[in-house]
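These notes open a run of structures that come right after.
Below, subunit A partners subunit B and then partners subunit C, in two separate complexes.
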Partner chain A sequence: MDEARIARRGLSPRLWLAGGWLLLALLAAIFAPLVAPQDPLAQDLMLERLPPFWLDGAEPGYWLGTDSLGRDLLSRLIFGGRIAFIVAFAAATSACLIGSALGLIAGYFGGWADRIISRVVDVWMAFPPVLFAILLVAVLGTGLSSVILAIAIIDWTRFCRVIRAGAMSQARMDYVESARIAGYGRIGIMLREVLPNVLPSVLALLSLEMGIAVIVEAILSFVNLSISTDDPTWGSIIAEGRLSIHQAWWVLVFPLITLILTVLSFSQFGEALKARFDPVLR
Partner chain B sequence: MSACLDIRGLSAVLPNGQRVLRSVSLSVQPGEVRALVGESGAGKTMIGKAVLGVLPKSVRVVEGEMLIEGEDLGRLDAKARRTLIGARTALIPQDPLTALNPSRRIASQMTDRLVRILGWSGERADKRIRQLLDEVQIRDPERVLKSYPHELSGGMRQRVLIAAAFAAEPRLIVADEPTTALDVTVQKQILRLIAQLQRDHGTAILFVTHDLGVVAKVSQKVSVLYAGKVVEEAETAQLFAAPQHGYTRALIAATPRYTDPYASLKPVDESVLAGLTAEIAAADKEWRPSHG
Partner chain C sequence: MLLQRFLVRLLTMLVTLFGVTIVVFVVIRVAPGDPIAMMLPPGASDDDIARLRALYGLDKSIVQQFFIWLGGVLHGDFGTSISLRQDVLGLVFNRLPATLELATVALLMAIAIGATAAILGARSRGTAIEAGIDIASGATLSIPDFLWGLVLILLFGVLVPVFDISGRVSPELDLPFVTQFYLVESILRLRFDLTWDLLKHMLMPAIALALPLAAIIAQLLKQSLKEVLDLDYVVLARVKGFSETQVILREALKNAALPTLTLVGVQFTFLIGGTVIVERLFSYEGLGNMAIDAVINRDLPLIQGIVLVFALLFVLINLAVDMMYALLNPRLRHG
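Presenting the complex of A and B:
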């Protein structure tokens, strides 16, 4: 797309805010060892339940306070972001690839392919997603790759349904018919004529799905079914914070804020991307 | 010399057994414009789609033959048929709004077919489409080629589609109501362009329309279709001068005239339709597909 056109239209504040937060969180996560003020695993019972910096009794270097074992909350959040982002990207991308491919086939080819894929999606969506995830992780065993796999296995249906609907309406378009008359093969038409037009929805959904993956990972951590308990994850910090809510509210509140901001940013970023790249809205 | 398009006794049915085409026969000679005229639902578009091999899945051809330049489409396997149709025919579609892919630039959509299907070099294809854009009187080809479809007006898009249809030098073009979706002022220009390019390139056109005014302007021959049945076939001048069939007469009478538009607006006579319907019902009762 034209650089000039982007410049003229300008970036929406929504894209700026959401993208800015995600970039900040992502950079912090990537460079966690450099950025984090403390070792996220270092316990010090002399420093337990220190409040955040603006309250009395705060210690310098412990900006958001410490938890009941004296570990620095900010550092734990930054390191927790690593797992959150790895899960977000890997799980959402896998779900997207599986779901989009099947959705494209179902929507464009129709007939038997569509009937089979759609029935599978219906059955799949009848499972309560969180219980399904817990069950899958229980079967696959805990660990990063099982969590990613579980999310991909559960959430591909989301992509499948949306892409199928998009591909179906595309398949009826005159330019698809023109391509058939010109003698293109079905796969070629699917990739050249149909796919580019459903891509904006795929992108938006991909971003949304990253947010969802972050939540699911947090839920799994919360019930202690995610990664090993040593590594901080947002979900496990929330789970710990819940226990000391009356003594140290910040241990629960800050990870919640981080989680909410991140998930919200992912969904808003996706919407803004869609508005930007959708050929009709453009 | 064999006809450019020869349709012999083509019948097609819906899944419920209802006939949508009733032993349609028509031919288009090389370089000739044949108008296919009828009301909505008469099966005009269906015939066009059948020729181009893009009938909806629910419509099944049960008898008849279609020959493009003497080659029987029914005797070719699917791949050979696609290749033949792709190389020798093209479509000028009804609605220029949905006939171009919104997410691809005009240039790639136009050259694509020449490069991929006909195996031309990119350079040759590029030169060719610029020449065609000039022929359809697009003044700023650079801008148009770089544009996405939504950046062009309806008339411009239809010009692009006409240029694209003629670019590969097809022998036969199916023009499916190419002016229906356009403003009246643009319609005339587009019709003139199609006629001009048709003469210059000597392309045969099967011109599907419901507009007898258009028929008179562009075609040499006419087939009048009612309920999937050709009720009359004639040279255009002769059809207007001395329509033979009652339905044709009624259709001509229903065309508004500039001199006295309200008085001339007559609906097609009920008795004519009743007669036709009875005739068709009787024929359907006796009809058995010859195969399939």
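Presenting the complex of A and C:
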């Protein structure tokens, strides 16, 4: 494939847009205490349900308006981003590590290991994922680590299936055979030859999974099962917005836009990464 | 050959279901928090707690509890709900029809929207219309049903309030139904006023569930159609003077549909999984909504029953898809 096409793929606007939004949201979350215009927890009943800045009745300093307790929406979104990104990175990475390890073992070694792991994946796929997540968090107790653990426990199967398939096809390739003849151990071959070749799909999946983790956290917050109710999360803001939808639509609209942009960006970013690093596609 | 495939699949299915029961049973029993203590008023005597615990079989070991429960399930006895004090199987059967109707309507909508987009895209391949469909389906696919539900609530519940965004049917209506399949029964009884009311409630959650699947169908079916459209027999049909739309509908579609059909089956299970949160979002009285309440109330027997029914539904759909694929695919049929 010609150079120009590769360059165009690499510099595609969707990668820049997606990466740009994620970077912006991430920086805002990291520097939340500096960036947020107000204290996200400060309630002021004199300021309840202020509309966003372009509408009549808006107060300066409350750009996106306030919720029914008079808390600043923009500040809550910025602080909520902290939870969202922590969950996204921690949960997706954990799911990726568990799933990749089991997928490599199943795909490369085959036999009994593969049969057992594949059966477990079948069992996992027979659970409705949202119900499974709610059940796990109810069991583990609410809190950040429970949410992360629950997502990792549920979603490792996505990585396992992709990597198992990749490792299986790689294991039959000539270069793996020659590495075996050259005297490399099985684990060595797996890590040196098979893993780098399935990496593009793993990276794409990892980015996708971060988006999924953000959604699952929002869903758990929505049914009031995520972290403590004091800290703002995107899901808890949405739950609040759903209740006051007829009085203050902005409390639902802004977190919803934030979530949609974030999820779209993670999936676009993943696609772009895959297109850039996948040797076959390139 | 087919029978053998079926039997192997059936056996795998039973192993999977057995696995599901073990996982659920273990998960909810390592849970901290005592469901019995939640049922009794504070200050209940230890004797009362012990008696109630024995009544629900919670005084035995986990292994014993599992086999007692499994034995009951095999006889159609799923136990008694702790929070609702009713037979679990009865509760589940009461709610399941609402979820099945919602999921089926959503599936039909997904197929209708997805196939229309695919045919339109294949017809105008290489044009801006196809590019537009690609971008739209890519974005639609990335946004999950939960977010679509919220978008629809805003658009059609608040901005242009034309559809109901809460419940299954208007509460003031007098319902003559004897089954829980309201939609089916309203049609059979020719009570189209009720059908309309049910659809008005069902439309928003159904679209939220349908959109991601519609996008997948649009992408895959369009791809298959484009491949088929270059084959000789399709070219022949075109030479015979059929219009491009006729060529697609009469010749290409039936040969391009098989890969999509398989995928739709698998994706249908994801759609059913999505009903849990979408029903919650729209206060739709289905199985998923009840499941969330059951988890929040730590209602162990009810959770077990609901999860098992969902799992059964999932494996049955997969089995059906697998069999349909074997029946429709000539290579497997004669192999």
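Operating definition for what follows: the second predicted complex is superposed on the first by the 271 of 282 C-alpha atoms of A that agree within 3 Å, B and C clash if a C-alpha of one lies under 4 Å from a C-alpha of the other, contacts with A are read in each partner's own complex, and residues count from 1 in each chain.
Following the convention adopted for this analysis, a residue touches a chain if its C-beta (ideal position, glycine included) is under 8 Å from a C-beta of that chain, and two chains touch if they have at least 3 such contacts.
Predicted model only: the values in this text are computed from it and were never measured.
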{"item": "Overlay on subunit A: subunit C relative to subunit B, clash or fit", "value": "fit"}
{"item": "Spatial angle subunit C-subunit A-subunit B, Cα centroids [nearest 10 degrees]", "value": "90"}
{"item": "Contacts of A:Glu209 with subunit B and subunit C, given as first, second, both or neither", "value": "neither"}
{"item": "Touching partner for A:Gly183 - first (subunit B), second (subunit C), both, neither", "value": "first"}
{"item": "First (subunit B), second (subunit C), both or neither touched by A:Asp174", "value": "first"}
{"item": "Touching partner for A:Ala138 - first (subunit B), second (subunit C), both, neither", "value": "second"}
{"item": "When both partners are placed on the shared chain, which of subunit B and subunit C touches more of subunit A", "value": "C"}
{"item": "First, second, both or neither for A:Glu240, with subunit B first and subunit C second", "value": "neither"}
{"item": "Subunit B versus subunit C as contact partner of A:Pro196, first or second or both or neither", "value": "first"}
{"item": "Minimal inter-chain CA distance - subunit C and subunit B, angstrom", "value": "18"}
{"item": "Subunit B residues within the subunit A interface of the complex", "value": "52-54, 82-83, 85-87, 89-91, 93-95, 98-104, 109, 112-113, 116-117, 148, 150"}
{"item": "Interfacial residue positions of subunit C with respect to subunit A in the complex", "value": "12, 15-17, 19-20, 23-24, 27-28, 30-32, 139, 141-144, 146-147, 150-151, 153-154, 157-158, 269, 272-277, 280-281, 288, 291-292, 295-296, 298, 303, 306-307, 310-311, 314-315"}
{"item": "Interfacial residue positions of subunit A with respect to subunit B in the complex", "value": "173-175, 177-178, 180-184, 192-193, 196-197, 199, 279-280, 282"}
{"item": "Residues of subunit A that touch subunit C when the two form their complex", "value": "119-120, 122-123, 125-131, 134-136, 138-139, 141, 211-212, 215, 218-219, 222-223, 225, 238, 242, 245-246, 249, 252-253, 256, 259-260, 263-264, 267-268"}
